[in-house]
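What follows is a structure written as structure tokens; I'll ask about it next.
Order of writing sets the chain letters: A, B and C. Residues in each chain are counted from 1.
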């Protein structure tokens, strides 16, 4: 399973310095696991975490999509991180991508390894359209880093990231790659996670970064159509077919080819077409 | 009446395959009627609808602004649609415009016929600033197609289209053309229609696409200043004039030339200046 | 104190034609005072206001940051305004900046005087990234002028400016200059002012334009971290240090280096690092 084969709904991050947590990561059934060398690993522990990467990967099922998040290009750790990457990875997650020059350098260093690019600086977000190309097969929007770079403040209603969050999804569509939504730090607040996942799905995101196993199941469910949506889509398409494809009024909506296409997309997302 | 003579508040779409509906369209007093060859006409009925266009147009009052929406550039129907356009049209509505190359081709095919461009793909929205030129005299934002292209989900609060909807209005201003807001599919929900129309007017839209005659009157009213707004504007300008144009406190607002200009704009929109 | 030395939280505008108000301006302790030749001064009073500028400036403390807002480039008053600027200014506020050509002209006319650029037209907002360079050391978002130029309507929830307001803060970050948020015209509505200031701070704005002395204290407070934020940041950093920089659960949040960096930024903003 590679990053371009399918849409990921849940990417579970675990500190690369915690083999115990990594070993347990598959239990929650994430679409992919990310062994994190960046924010989850303090500076004094980076060398040890890097040295253990291949062993940690080897402990995980070979059929599982596993990624490594390296430290950002330009940091003192980046090149050593890249040199230590295990062979059996679905993708390399590269945080704080913001220039085309970095992409060129990534391609040089990583060869044909697929990259998931973190868009989490103001420049990375604004220039996202230029960055989702070449080795990049997916991206994520990192709200915490973005707002820190912006000089703003994170708030519960996410209004301060609305513009950036929408922009990243739009750029991902233009680049033809899936986008993953920001983390929800309040790992015990399932309601908030699900609300954000639904917003993200509406915006075109295919999944969400998870920083706790309890979030994985929520993401896996929230990024698929609900039973109600599936039922609505089936009924609508039946009525539209009965009308021979002519515009009809259906349960209060004026339904034409566009709305029918939307219903077909709902079924396709669920693998039910 | 041409698309550039005035701002359209209501564009009523009727399937070009339904002469009966087209004949009734003027009753609700839309600013323009659009005979739709695209989404409202199933594939098997497109030839017949196209063949009947000139007759349907001829049945409508010659003083009425009538447009035809053709199928998107690049589809199998597009060129035949263009070849069958009646002479007496206010504009040709072209859906899913997204490249400058399409515009060049449109100009080649349509000569000096004015075009209303549908911005309803991610690329069309993102590149809107480049597209509202040449033959384009107006545009609309198509939310259903846009979200389908984005891979998102339509929701009642329209949060997933907020970025695109604002972008299109801004690009329209830069291109010097009016913008029409998305359809409201829930044709029986007048409250929702009026709410969306007010939001759209605030964002700079001049009107709204209508897919049911009951929406036309709502649009015609919602896109003009209310009696309260007109009254406020007149009182404010009187007070500002009394002060000789100096900054004054007026009903809780600090009023200077900017606010006075806004009040004048309200009166001008209502034809009351 | 110059515009580049620090972040301004409050810029108090007073009509340049009102020496009495200017003299009282320091009382509310704004971070800067702007003597306004533009919207606050009617056409018939501009010559007299301009002629009195140097005297008005001289009446204000020399240690106070004082700016003058000239009329927009291209107006009949602009060049005379520039010629009459007092020597002792922190910056020249130039409204309705929207082209790089204007910037070149500004630099030619103003030499090395720092400029605070008003982004308050659709073009100025859309092209903000190109405009925050050269002599520009700060900018503000002008919502009233922006919406007038857009052809929209101002509403209490500010939805019609959400896109532009976020864009300006993002461009300011890219240009490396502080951004000041729009005025709140309802000068008696402290609750609204504080709400807008908090939103603005979250979006990355460093302060707010004030059109009444009562707004200055509100801005000065709202653009600094609250006591609760400071306390949260100190506790979080203590816990994170105790864990040796490893990821921890802290009061319901999963805390790693990113969140710790945010906490450090809160303390730094308060001058408490």
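Assume contacts are C-beta pairs under 8 Å (C-beta built on N, C-alpha and C of every residue); 3 or more make two chains touch, one makes a residue touch a chain.
Just so you know, these numbers come straight off a predicted model, no measurement behind them.
The touch graph of the protein chains shown is complete. On superposing C-alpha atoms, the copy subunit A sits rotated by 120° relative to subunit C, to the nearest 5. Rounded to whole angstrom, the centroid-to-centroid distance between subunit A and subunit B, based on C-alpha atoms, equals 36 Å. Listed for subunit A are residues 162-163, each touching two or more other chains.
Contacts from subunit C toward subunit A in the complex involve residues 129, 162-163, 166-167, 169-170, 173-174, 198-199, 201-204, 206, 244-247, 249, 252-259, 261-262, 265. By the touch criterion stated above, subunit B contacts subunit A in their complex at residues 15, 17, 38-45, 122-123, 125-126, 142, 144-145, 147-155, 159-160, 162-164, 183, 185-189, 211-212.
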